[in-house]
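We call the chains A, B, C and D, going by the order they appear; numbering starts again at 1 in every chain.
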Amino acid sequence: MNTQQLLSTTAAIDPLFMYIFGACLLLLLGITLVMLFFVFRYHRSRAPQPTSQVEGNLWLEIIWIVLPSLLVLAMFWYGWKEYLVLRSVPQGALPVTATARMWSWEFTYANGKSSPKLYVPIGKPVRVELVSKDVIHGFFLPAFRVKRDVVPGMANYVWFVATQSGSYDLFCSQYCGTQHSAMVTTVEAVSEEQFAVWLNQTKTGNAGAGVDGRKLATEKGCLGCHSLDGSSAVGPTFKGLFASQVKVMKEGKPLVVTADEAYLRESIRLPGATIVDGFPPIMPGNPDLPEEEVLALVEFIKGLK
Amino acid sequence: MDSLEPTQPLNNSFWNDTGKTGITSWIFSTDHKRIGLLYFYVTFGFFLTGVLLGLLLRIELMAPGRTIMGPQTYNALFTVHGVVMIFLFIIPGIPGAFGNLVMPIQVGARDVAFPRLNLLSWWLYIIGALIVLTSLFSGGGAPDTGWTFYVPFSSRTGTNVSLAVFGVFIVGFSSILTGVNFVTTIHRLRAEGMSWGRLPLFTWSLYATAWVQILATPILAITLVLIMAERLLGTGLFDPSRGGDPVMYQHLFWIYSHPAVYIMILPAMGIISDIIPVFSRKPIFGYKMIAFSSIAIAAAGSLVWGHHMFTSGMSDTAVMVFSFLTFIVAIPSAIKVFNWISTLYKGSISLEAPMLFALSFILLFSIGGLSGLILGAAATDVHVHDTHFVVGHFHYVMFGGTGFAIFAAMHYWLPKFYGRRYAEKPAVVAWALMFTGFNVLYFTMQVLGMKGMPRRYYDYLPEFANLNLVATIGSWILAAGLVIMVVNLFRGLWWGVPFEGNPWGGASLEWTVPTPPPTENFIEEPVVTHGPYDFSNTERS
Amino acid sequence: MSEQHIVSNKKLTCIWLILLVLTTLTVAITRVDLGGYKVFGALTIACVKAGLVIAVFMHMKYEGKLLRWLLFLALVTLAIFIGLTFFDVLYR
Amino acid sequence: MSHPEHKDDIGAKLGMWLFLFTELLLFGGLFLLYAVYLKRYPHEFATGGTQLNWVLGSANTAILLTSSLCAAMALTALQRHEMRRAMALLGATIFCAAGFMVIKYVEWSAKIGHGIYPGSEHLKAGPPGESIFFSLYFLSTGIHGLHVLIGAILLAWITVKIKSGEVNGDNYILLENGALYWHLVDLIWIFIFPLYYLIL
């Protein structure tokens, strides 16, 4: 595939915007001007009595049914055609999986590498598989005019291609709770060589033992809900959590447990099993988090006295 | 100017001709005019509440980061703002208030077909509204789901969604019963000579609206029941981990909620169709087409709900079908706009407050409607979906459209029922401020949306800061206008100069009855001999 | 006052018998293996039954045109709601 | 107020039908969901259906049809000024309604006894489609049962009015509307029955 010739999503959509905006602007101007003119010309000070009592005109009606119909049909067709562009992923697109959870993004590449920012090579189309761990989120890249909801249990995707290097905003567009507006990250478009370097370098960086718990807690979005300073946010604070007595609901029964290592581990993997009193059961589970990462998180929480 | 001592007693009108004037004679009255006024005050009260919440939203968005509240409060605030505006103000607003006040007189009836059912509707509305209000202060706190209650979020959040949803459910029943009542009234109680071709267009639009209320609202009812079941029983019908499909919820919700936007706009269009000919002293242009297009909008409008779901993961075929149908609905709206403007041609136009609001309705609704075309085209919707562009769109059609139509109706019809009127000059000043502020506020929002600012965002990136500030300033201009309008209008209605006879020179039946009308409207059964826009025998008096 | 139409007990009983027979029939055809036609058959019979109830028990047969049209309108609306949803469900 | 009591039977009936349309669409929403999920989980729906007791379902169908017959005959009787007969027939209708509810109760408690109810552990552990099937089953029959209850109360109230003579051979619109409501309840069941009990 010749990526040079590739039509970017932006280039496909923008002319359509121009077309519809242009048509609407003309219509609006026409309506406004005619209305203002009538109001001026036939104002009671100039036209004390109406000078016509017509009740309608068939031909006019036909004209203003048929012409707008044709106009909107053109809009429909054009809009649909370009929509298909958004849905047809070019061949050889780079596959990436975007995992959305309350309230963070995680992008995973074919080689298992994951990152909180979406790195893409310039000029190569990217196909992003959209996966949600909890509620509906929205994958929105204004610069590329693409958006798709991230629906749990549903295989949605988007594609786009960055034609210039740079950093582009990536928003969560579908309302998903308290920190919806903080579910923002970026697409980093870099040259193909830089991308290749980045992809391989970070991979080795992650596989080692010494995972940084604090960094992980930020990346996985834990800190979106859990504070480190003792204040209650969406979830309970991590500060002083370890070894404390926690009131929980387990299978509908109230219970007091000690927050030992096993409890923390379970709370991270399967948070639905025990629900801390006074909090909603909304924490996303992490059943397939690698063991060393869970360990790192537990160690991190232990350290917060 | 207006005389401040209460001069003209309201003798022999529905205010006192039965000798009953206490509060219970109102809240248990079956008189359509009293019920209409009750609706008016309550819905308008909710409007003021909602608008105040909107103002708070804007203050928070004035600058990035925290301005006056935290994210959870903000989320609850736009949810409550949306729920109050949609379910407690705009949907019951026109049918409940002006439909009740005016429609039975317009068809020449003494009351609606089922006066007691009408009272029940009002009570259901009040009870539902009270439940919604209770939900804000009890349980897990005000719901924070957005007015759309999308699952799975709404089935998980710890806030008081179930109760709020239950309140809306009750309000929905009220809306259904009003619809049943109006359809029956229009079919059965038209006076002698009041053929379908002589119905005022406001009544026509209520007829079309009533059908939407009857056929679409039950779907909302069942959807809300399903949310409650999801939360309270754990039915899992929309829970993907148990085989449910969250997108099916969106279908059910929009099957009602798209037609609902036509419940909001159709009666507003009816008001405009009634006001423009009166203030041009010329028959409405294309009566039949306007009446027919109301029905066409109601019918076609029931088929387009999928345009809210273009990015949801719905099938591409469905995207095509719904996008196509969406454009079809635009055509009857266009018919109306063109006919209204043609009515002005060679008329004798008087720019009093009702007419100013009516004419600005045409402009604001056109801007909103035309931006709806951007949303209706599949590819462009993908970019602006769930951004402030959509927020701008619906405020243009709901506030600029329906809201301004209600203001027009308030200035046009309320004096008839009070026998007093407001002062003209402040009304015009208020209108000018509101029109200006409105556009500064919402046009800016649409620009923001084009630039990619998502909606329901408590906080935003610095690049959106300037425009947000502009929008907030617009909201203050709007607020100033609104305050002037409210003060002037009610001051006039209670203490203003008398409004007697037929000062606007209207030709439909409500202008032939005494001002204010007596309880049974007509002193003797009316016999209708001419159309509602035949001004040859009416003078302004 | 509505024009009074009294449906005779004989007629009502007849319809009731037919309805019972149709119910038995539905049960019968769903006991044999018809594959996908089973749903189709059962629903067709259900529609016939519903038609009988509406026409005779609910006196629709003796009502004017208006009510019939309105009923038709309501049913068509429901059909359209379901039909259009299937543009999504079938092609996803 | 002093309205000379205005009566419009045709209008009242029109109003009732309009209300019935809304009921139809209310259940329509559930049927819509049923159709969609049947398409997605034909197998699980079939296994779910076999777990329902079709004999009891058929019995309930027969009971409801009979009750409908009684209601229709009650109207006929009232129109012929046979008040006692009308009241007896309405009593029979309500009796049938009670029978229906008893059978429903037996069915429901059997299911719940087996750990089958919305959100139960048993269903959570099973295949997803089955939990959908039973959730829909409980919702549909539950809401339908509620309508049976409301209809029965309505008819009982009308019986009282017949007894007091307020509703009579010249003024039977109330019974006509009440019967219409009752037939609607029957109508809905005519669809629920094959969809849930028979399609297996």
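Everything below uses one rule, namely that a residue touches a chain if its C-beta (ideal position, glycine included) is under 8 Å from a C-beta of that chain, and two chains touch if they have at least 3 such contacts.
None of these values were measured; they are calculated from a predicted model.
Any chain bridging subunit A and subunit B, meaning touching each of them, is missing here; the list is empty. Counting C-beta pairs in contact, the pair that comes out ahead of the other among B-D and B-C is B-D. Look at where the CA atoms of subunit A average out and do the same for subunit C: the two points lie 46 Å apart. Rounded to whole angstrom, the centroid-to-centroid distance between subunit A and subunit D, based on C-alpha atoms, equals 45 Å.
Averaging C-alpha coordinates per chain places the centre of subunit B 37 Å away from that of subunit C. For subunit C, the set of residues that touch two or more other chains comprises 66, 74, 77, 81, 85, 89-90.
Multi-chain contact residues of subunit B (touching two or more other chains) are listed as 187, 215, 219, 241, 245, 247, 251, 255, 313, 316. Under the contact definition stated at the top, the residues of subunit D that touch 2 or more other chains are 10, 14, 18, 21, 24-25, 28, 32, 36, 40.
All chain pairs that touch, listed by label, are A-B, B-C, B-D, C-D.
Remark: subunit B residues 18, 30-31, 110-111, 113-115, 117, 176-177, 179-181, 183-184, 187-189, 214-219, 221-223, 225-226, 229, 233-237, 241-245, 248, 251-252, 255, 519-520 touch subunit D in the complex.
The touching residues of subunit B, counted against subunit C in their complex, run 187, 215, 219, 247, 251, 255, 302-303, 305-306, 313-318, 321-322. Contacts from subunit D toward subunit C in the complex involve residues 7, 9-10, 13-14, 17-18, 21, 24-25, 28, 31-32, 35-36, 38-40, 54, 58, 61-62, 65-66, 68-69, 71-73, 76, 79-80, 173, 176, 179-180, 183, 186-187, 190-191, 193-195, 198-200.
The part of subunit B that touches subunit A in the complex is made up of residues 71-72, 75, 140, 144-146, 150, 152-153, 156-158, 240-241, 245-247, 280-289, 310-313, 316, 319-320, 323-324, 326-328, 330-331, 334-335, 337-339, 341-342, 344-351, 359, 362-363, 366-367, 370-371, 373-374, 376-383, 385-387, 451-452, 454-461, 536.
On subunit A, the positions that touch subunit B within their shared complex are 12-13, 16-17, 20-21, 24, 27-28, 31-32, 34-35, 38-39, 42-44, 47-57, 60-61, 64-65, 68-69, 72-73, 75-76, 78-87, 134-136, 138, 140, 142-143, 145-149, 151-154, 156, 169, 171-182, 184, 279-282.
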